[in-house]
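Should a chain be cited, it is by its letter among A, B, C and D, assigned in written order, with residues numbered from 1 in that chain.
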Amino acid sequence: MNAPSLSARLLAADDRRLWLGMAGCAIAFLVVVPMLNLAMPPDSALHMPNYMVTLLGKYLCYATLALAMDLVWGYCGVLSLGHGAFFALGGYAMGMFMMRSIGARGVYGNADLPDFMVFLNWKELPWYWMGFDHFWFAALMALAVPGALAFVFGWLAFRSRITGVYLSIITQAMTYALMLAFFRNEMGFGGNNGLTDFKDILGFPLAEPSTKLGLYMLSALVLGLAFLVARFVVTSKLGRIMMAVRDAESRVRFLGYSPTWVKLFGFTLSAMLAGLAGALYVPQVGIINPSEFSPANSIEIAIWVAVGGRGTLVGAVLGAFAVNGAKTWLTGAAPELWLFLLGALFIAVTLGLPKGLLGLWGQIRRKEKAHA
Amino acid sequence: MKAFRLLLVLLALLAWAPAHADEFSDAVRALNADNFADKIAAAEALSALGDGRAAVILEALADGRLHAAGDGTIVMEQGGAYRDAITQAAASSADASPITVNNRLRGVLRGAVGRLGLFSPDPELRKRAAESVIASPTPESAAMVRRALETETLPEVKRMLSLALANLDLADADPERRKAAIQALRDSSDPMVRGQLQHMLETESDPEVKAAADKAVGAINSRLVWVSVGANIFQGLSLGSVLLLAAIGLAVTFGVMGVINMAHGEMIMLGAYTAFVVQEVFRATLPPEYVGLYLPVAVPVAFVVTFVIGVGLERTVIRFLYGRPLETMLATWGISLMLQQLVRSIFGASNREVANPAWMTGGIDLIGGFTLTYNRVIIIGFCLAVLLALAALLRWSSFGLHMRAVTQNRPMAAAMGIPTGRIDAATFGLGSGIAGMAGVALSQIGNVSPNLGQGYIVDSFMVVVFGGVGSLWGTLLGALSLGLVNKVLEPYAGAMLGKILVLVVIILFIQKRPRGLFALKGRSVES
Amino acid sequence: MKFVRALGAGLLAAASLLPFTAANAADDTIKVGVLHSLSGTMAISETTLKDTVLMMVDDINKHGGLLGKKVEAVVVDPASNWPLFAEKARELLEKEKVAAVFGCWTSVSRKSVLPVFEQLNGLLFYPVQYEGEESSRNVFYTGAAPNQQAIPAVDYLMSKDGGEVKRWVLAGTDYVYPRTTNKILEAYLKSKGVKAEDIMINYTPFGHNDWQTIVADIKKFGAAGKKTAVVSTINGDANVPFYKELANQGIKADQIPVVAFSVGEEELAGIDTKNLVGHLAAWNYFQSVKAPENDAFIAQWKTFIKNPKRVTNDPMEATYIGFKMWTQAVQQAGTTNVDAVRQAMYGQKVKNLTGGTAVMNTNHHLSKPVLIGEIQANGQMQTVWKSKDVIKADAWSPYIPESAKLKADWTYPWVCGNCAEPKFKM
Amino acid sequence: MLDDKFEVQVDEPHGPGVPAAGSILYLDGVSVSFDGFKALNALSLILAPGELRTIVGPNGAGKTTMMDVITGKTRPDEGDVLFDEKVDLTRLDESEIANLGIGRKFQKPTVFEHLSVFENLELALKADRGAFATLMFWLSGEQRDTIDATMARIGLADKSRHLAGALSHGQKQWLEIGMLLMQDQRLLLLDEPVAGMTDSETEATAQLILDLARDGSRSLVVVEHDMEFVRALGAKVTVLHEGSVLAEGTLETIQADSKVIEVYLGR
C-alpha cells in the first residue's frame, strides 16, 4: 500500500479525539500498567498484582476478538454466531505448538507424543500435527486456518445469498459441529480436556510473571494493531461499501459491486483477527478445549459488541472490557446473584442504549454541547 | 390323566392341612434371614415344599413387597393393603420393614416362582411363571414344564410353555430332543433364542443338530434385520417428535414474530418445573393411585404459567424491540440468564425428579426384543396434537387471522382497528405457552434441571431455520427429517459423529435453499 | 487541551481497574477458597459441595475456629467455564490470599487450575472420583481412583453374588475419566480371560439425551446367552434420560445389571427409581450406611441446608474428609503455611463416615473403603458388598503400560509425582 | 474477479447479433411468473443506441418486473434478453450487468442512508469494483472534481457532508440520478424518476433527462405515470399491459389508440 495515503487517511479520519484517546490508552496499557506492576512495592495500594496483569491480558484478547466481530457485524451486517470457532482454532494452533515444546517433560516422559496421545495408545503423531514444532508455522496456522475456514464457509454462504438470521444460524451450526468434533478423542486434539500442561513458550516459562507481563504487553500491541487495521479498512472506500452492503445489499449490486466479495473480505479478515486473539489468549489462560467452540461463547461475543455499541470499533473494545470486567467482579462479589445482574445489564442496554455504551457517551457529549 | 388332575387338587387341599402349616410358616419366617446366603437357602426350601401359596409370597419378596414386622411376623403388601403372608389375615404395616433382596436372590426367586407357579390355579400366575422359566432356566425346570404342559388347558399358556420347554430342551442330552427344540424355535424372532442357538453352534457335537441350529439362526437373523429397520424408523420419529416439540413454540415466537428468542429454552424449562410442582402437589394431597393423573393436569397448567410469563416479557421488554431482531437476541439472552438463576435459587441447582406415571412406564415388547416404549409413543402423539391444534388456531380462529394480519402488515392491521399490542402479547404468550407444554412432555424423557433449556435451544433454532422460518409444516418436516437422519446415521457413525454429520447436512442444505425447506416465494420476500 | 482530557480518559480506564487490586487480607481470619460452579452445566453437582464446605466452616467456627482464628470461606462462581476456573483460582490465591482451596469437579476444570496452583504454590482439595494418572504436590485428591471403584465393582459382578457376569458393556461419556476407566477395565477383564467379542465399548457426547438406540443395542448385546452387565461411566447429566430409557425398555437388574461410578444419592434424587431397583453403584460412601459418624453428618447436613429431604453423597464425604484433614494438619503444623501443612498432611487420619479410617498417603491420594450398593425404590443405596479393609488409591494405574512404571511419592527419597526412580539416591 | 464473464454467447437460433442487430437492448418473448401470476407475458421490446424511451402502463402491467429482468434481479422463465446485440443478460447477476453499463434508478428512491451525499456518489463513481482495489482506493483530484460537478448538477452541492438519510424525498431522487450519472452507464433505466416531486423539481428532472439523452452516448428507458412529464420528454412511448406490449408510438398516436384508451386512460 502507498504509505502517504495510509497515514493521510488515518489522520484525516474524522475526529482527532479518537486518536488522542488511543494514545492515552496506549500509554495507560503499555506504560502505566507495567509501571504499577513492576515499580510499585507489592504492599502499596497502587501496586498492580500479577493476576490483574494476566486478567487484563485476557481482556485484551477478548477486546481484539470483539473488534473482529464488530468488523463483520457492525460494518458488513453479518451477525456471525460462530466467531468463537475462529478464536478457538487460533488458540488450538498455538496450543499445539506449546504442546510440542513440552517435549519429554510430559508426565509419561514421551518426547514424540503429547501425553493424551500416549494415553490413548497412539503410536505416532498424526499428520496434521506435523510442523507445529516450529513457532512460525503455528503462528501462520493460527491465522491461516481460521482464515481458510472463513473463506470457504463464507464463499459458500454469501455466494448463495444466505443472509440475516439464516446466516447466523448456520454459523452457529458450524461452531457447534466443530465443538462436537473436537470433543471426540479420536480427533487427536485432546478431547474434552483439550490441550493443557503447557510449560513454556519460545523458552520463556509461562509460570514466570515476567512472561505473563510480556504476553500482556504483546496483547496490548496486537489490539492496537488490529484496531489500526480495522480502522484502515472501515475508513477505506471498501469500508463504505461494507456499510452500503449492510444497509441495502441489493442496491449495492446495481452499482456494480459484488457483495459476496466485499463480505467475504470482511469475514475472512475478521476470522484471522479472531484467530490471532485466540493464539494470544491460550498461553495466558494455559488451556484450550472444545468448550471455546460452544455456541453460547459466540453469542457472548456478539453481546460484548452490542453492549459497547456496534459499528464503531471503539465500542466493541469498550464492550469487551465492560462485560468481562463485570463478569470477573460479580462472579467473585455476588456469586449467587451475578447472573441476575448480568442479565439485567443486557436487557437494560438493549432497551436503554440501542447504540451501546458509546452511544451513551455520545448523548452526554451532545448534552454538554447543548448546555454550553 | 383326569386322575392326575384330581391328585393335584388333593395336593392343593392337603397344602392347607395344619400338618403342613407350621412347616410352611417356618419356611416363610426363615426368609427374614440376615444374610443373603440364608435367604437363598430359605427360598429354595420354601419352593421345595411345592406349596401353592409359596409362589405369591416369593414373588412378593422378589418385588420387595414382603415385610418383616418387629415381632417377626411376615407381612405382604398388595396394592397398598397389608396382609399376613401366612394367615392371609389383614395386618398393619406399622413397624414392618421390607426384607432386602439382591440380584442373585431375585434370580433364585424368579426360578422358584416359575416352577411353583406352573401349577397355580391362577392362569395369570401360570403365564408369568412360564415367562420366568424362560428368563432363568434351571436344569430341573424342564421336567416340571413337561408335567405342566400335560395339564395345561389355556392355549396361550400352552404356547408359552412349549416355547419355554424348547428353550430348555436345547440343553437336553438327547440330540433328537435338541433337534425338535430347534424346529420349535425356528419361527421365533427372539434375540434370546438366537443367542442360545448361536451358543449351541459353538458347543454342539451332533452335526445334524448343528446344521439345523445354523439354519434356524439364519432364519431368525433375516427376520431381525427387518425388526431393526422398523426400530430405527420408530426411534427416528420419536427423536423427531422431541425436536418438533422443542421447536414449535419457537416457530411462533421466532418464525412468526421474528424475535430471536434465546429465552425459548427457559420456557421449556419452566414448563418442566411446573410439571414437577403439580406432581408434588398431587403426591402431597392425593392417594398414590391417583398421582399418575398429575401429567394431564400439568399440561394446561404449564401452558397457563408460561403463557402469562411470556405475555409479561412481551409487554415489559420484547415490544420495545420490534424491527430490531438482533437486539431481541441480546435482551432475550439476558432474560434466559435471569430465568435460569431464578429457578436455581428457588428449586436448587440439582435435578428434580419427575416420574413417569404408571400408565406411561414400560412399553410393549414387539418381536425381536424391540420395545415400543409408552412414553415415546405418547410424546409422538402429543406433539402432533399440539401442532395440529396450533395450525387450526392460526388457520381458523379470528385470533389467528388477526395475528397473521399483524405480522404481515402492522400499520394496515392497526388502521383496521386490530389491537396490535394485544395481539403481539398474545402471540408471544402462545409461543411461550406451547414451549411450556413441550417442557411437560420433555420432563418425561429427560432430566429437569435449570440447564434443561440450554440443551434444546440450539437444536430448536436449527429445526425452525431448516424447515423455513414462518412455516409450521416446514418445522414439522424439518424436525422429523432431522430426527430420522440422525437415527439412521447413529448405528454406523455413532451418536457423536451422527450429530456432527446432521449439522453439516443442515449447513449444506441451506446453501441449496437459503430460506429453508418451505421458503415463501414471490417479489414481496425479495427486498 | 483536548489531548490532556483524552489522556486523562485513558488513565482513568486503567485506574478504574484498581479497586480490584486492593488486596484486603485481614489477619484475624483464616480464608479458605470455595471454587465450585454455582451456575452453568456443572452447577447441578457442584453447588452441593459448596454448601458442604460452608457447613464445615460454620461447624469449625462454632467450635472455636482454627489456631484461635475464625475461618472465613471465600465463595466464587467459575460458572462451569474452564478458563474462568483458572482466573478465579488465581484471584483466590493472589488477591484473597486463601490458605487452601476446596473445589473443582470435572477433570478439565482441575487441569485448567493446576498450573495456577503449582505456580503460586497453593493447596487444592479435589473431592471427586477421577481417572487418576496425576499427582501434583499442590493437590490432595480425596475422591476415588479407578482402583477404588471400577476394579472392585467388576470383581463383584464376576463373583457368585454378582451373578458371574461373562459379557461386558462399557458405556461412558466421551471424556478422559471414562476413557481411562474403560481402558483400565478392558485390560483387567482381558487379564481375567474375558474375550474381546464379549466386551462392547460405547461413548456418547456430554448431556446425551436420546438413549433409544444405545439401550436397544445393550439389550441385543445382552441377549447372546451369556450373563451380561453394563459398567456405566456416563456423566451425571446424561444419567437421568439413560436410566429412564433403561426402565422403559424393561431392562431388569437381575437380567442385565448396570453398575455406575458417578451415580449416587444426589443423582438418584432426580430419577424415579422404582423401576431401577437392583442396579448397582460402586462408591466409597452411601448415605444408607449405618454408622454414628454418618448419622451425625446427615443430621448436621439436613439442619444446615434446612431441608429434611436433601441427601448426602460420596463427593460430600470426600469434601468432609478433605476439610477435616486440612484442619488437623493446620493444627499439627501450627500454621497455614502451605509447605508446612503439606508435610503435616501425610499420614493424616480421619474417621470415614462409613466406619474405618481414611489415611492420606504420600501420593496425595486416600486409602478408603469401597462399597457396592444396589439401588432401592426409595432412591437410596443398599450395600451388598464392602471391602474388608481400606484400599489405597493408585495415582498411576498398573494396568496402563505407560503409567505402570511411574510412581507418586512426595516424601524423601522420591519427592516426585510421576517418576520412574527416586529423585535422591539413598 | 468477474471480468471474464461479460461476453456471453447466446445459443441458437439467435446467432450473434442476427435479430438483435443494431440494438442496445433487445427483449424477445420474455415471460416471468410468480406463483402462477404472469408478471411478464411474452414481452418483446427493442431499444436503439442513444434512444430515449418512455414506458407507461397501469399498475401490475409489468414495468418494474421488466426492469428486474433487465438488471438481473429476476430470471425470466423464458425469452431472450440481449444487451449490446450479443450479451445474454439472463446469465449474469446484478453486479455483472451493472458493470456492463446498465444503470438503474428505483421507483422508491434507495440511497445509502448512513453515508453522506458525497460518499454515495463516490461509491457510484466509475472505478475498479474489486474488493482489494476499493480497499486501496484513494480519491484523485479530478475524481473529486467530477463528484463536485455532479453534486452541482443535481443541486446538492451544499449538502455534500449531509447523511443521505436526512435528505427530502425529491433530493433522494436526485441523488440517485446523480449516482447514475457517476456510473457513466450506456443504458439508464429510470423507474418513476419524478414520483413525489414538486412541479418545479419535475421540470428540472425532465430537463436533466433530455440533456442526458441529447448527446446520444447513452440510451434511456423512463417508466412514468405522469402524462405531463411524458409529454415533456416527447419521446417514443411504449404501453405495457398485463405483461406485454399493448401499443407503441408517439404520445399522440398512443392517446388516440382505442385499446389504450380502454385499458389505461380508461373512459
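Operating definition for what follows: contacts are C-beta pairs under 8 Å (C-beta built on N, C-alpha and C of every residue); 3 or more make two chains touch, one makes a residue touch a chain.
To keep track of the chains, here are their UniProt names: A = Urea ABC transporter permease subunit UrtC; C = Urea ABC transporter substrate-binding protein; D = Urea ABC transporter ATP-binding protein UrtD.
All of these numbers come straight from a predicted model, not from anything done at the bench.
Here the chain at the heart of the shown protein, by mean C-alpha position, is A. Of the two chain pairs considered here, A-D and A-C, the higher C-beta contact count falls to A-C. Inter-chain spacing, taken between the CA centroids of chain A and chain D, is 44 Å.
With each centre defined as the average position of its C-alpha atoms, the distance from chain B to chain D rounds to 65 Å. Rounded to a whole number, the gap between the C-alpha centres of chain B and chain C is 31 angstrom. Multi-chain contact residues of chain A, defined as those touching 2 or more other chains: 180, 183-184, 250, 336, 339. Contact of a single residue of chain C with at least two other chains is seen at positions 38-39, 174, 203, 205. Among the residues of chain D, those touching two or more other chains are numbered 73.
Put simply, chain C touches chain A in their complex at residues 2-3, 6-11, 13-14, 17-18, 20-23, 38-39, 75-79, 81-84, 86-88, 90-91, 93-95, 107-108, 111-112, 114-116, 118-119, 133-134, 174-176, 179-180, 203, 205-206, 400, 402-403, 406, 417-418, 420. Chain D meets chain A in the complex at residues 1-2, 71, 73, 93-95, 98-99, 103-104, 106, 110, 112-115, 119, 122-124, 129-132, 134-139, 179, 183. Residues 79, 156-157, 160-166, 168-170, 172-174, 176-177, 180-181, 183-184, 250, 295-296, 299, 302-303, 306-307, 336-337, 339-340, 342-347, 349-351, 354 of chain A touch chain B in their complex. Residues 16-17, 20-21, 23-29, 32-33, 36, 45-52, 54-56, 58, 107-110, 116, 118-120, 180, 183-185, 191-194, 196-198, 206-207, 285-287, 289, 291, 321, 325, 327-329, 331-332, 335-336, 338-339 of chain A are the ones that touch chain C when the two sit in their complex. Residue ranges of chain A in contact with chain D, taken from their complex: 1-2, 5, 9, 233, 236-238, 240-241, 243-244, 247-248, 250-259, 261-262, 264-265.
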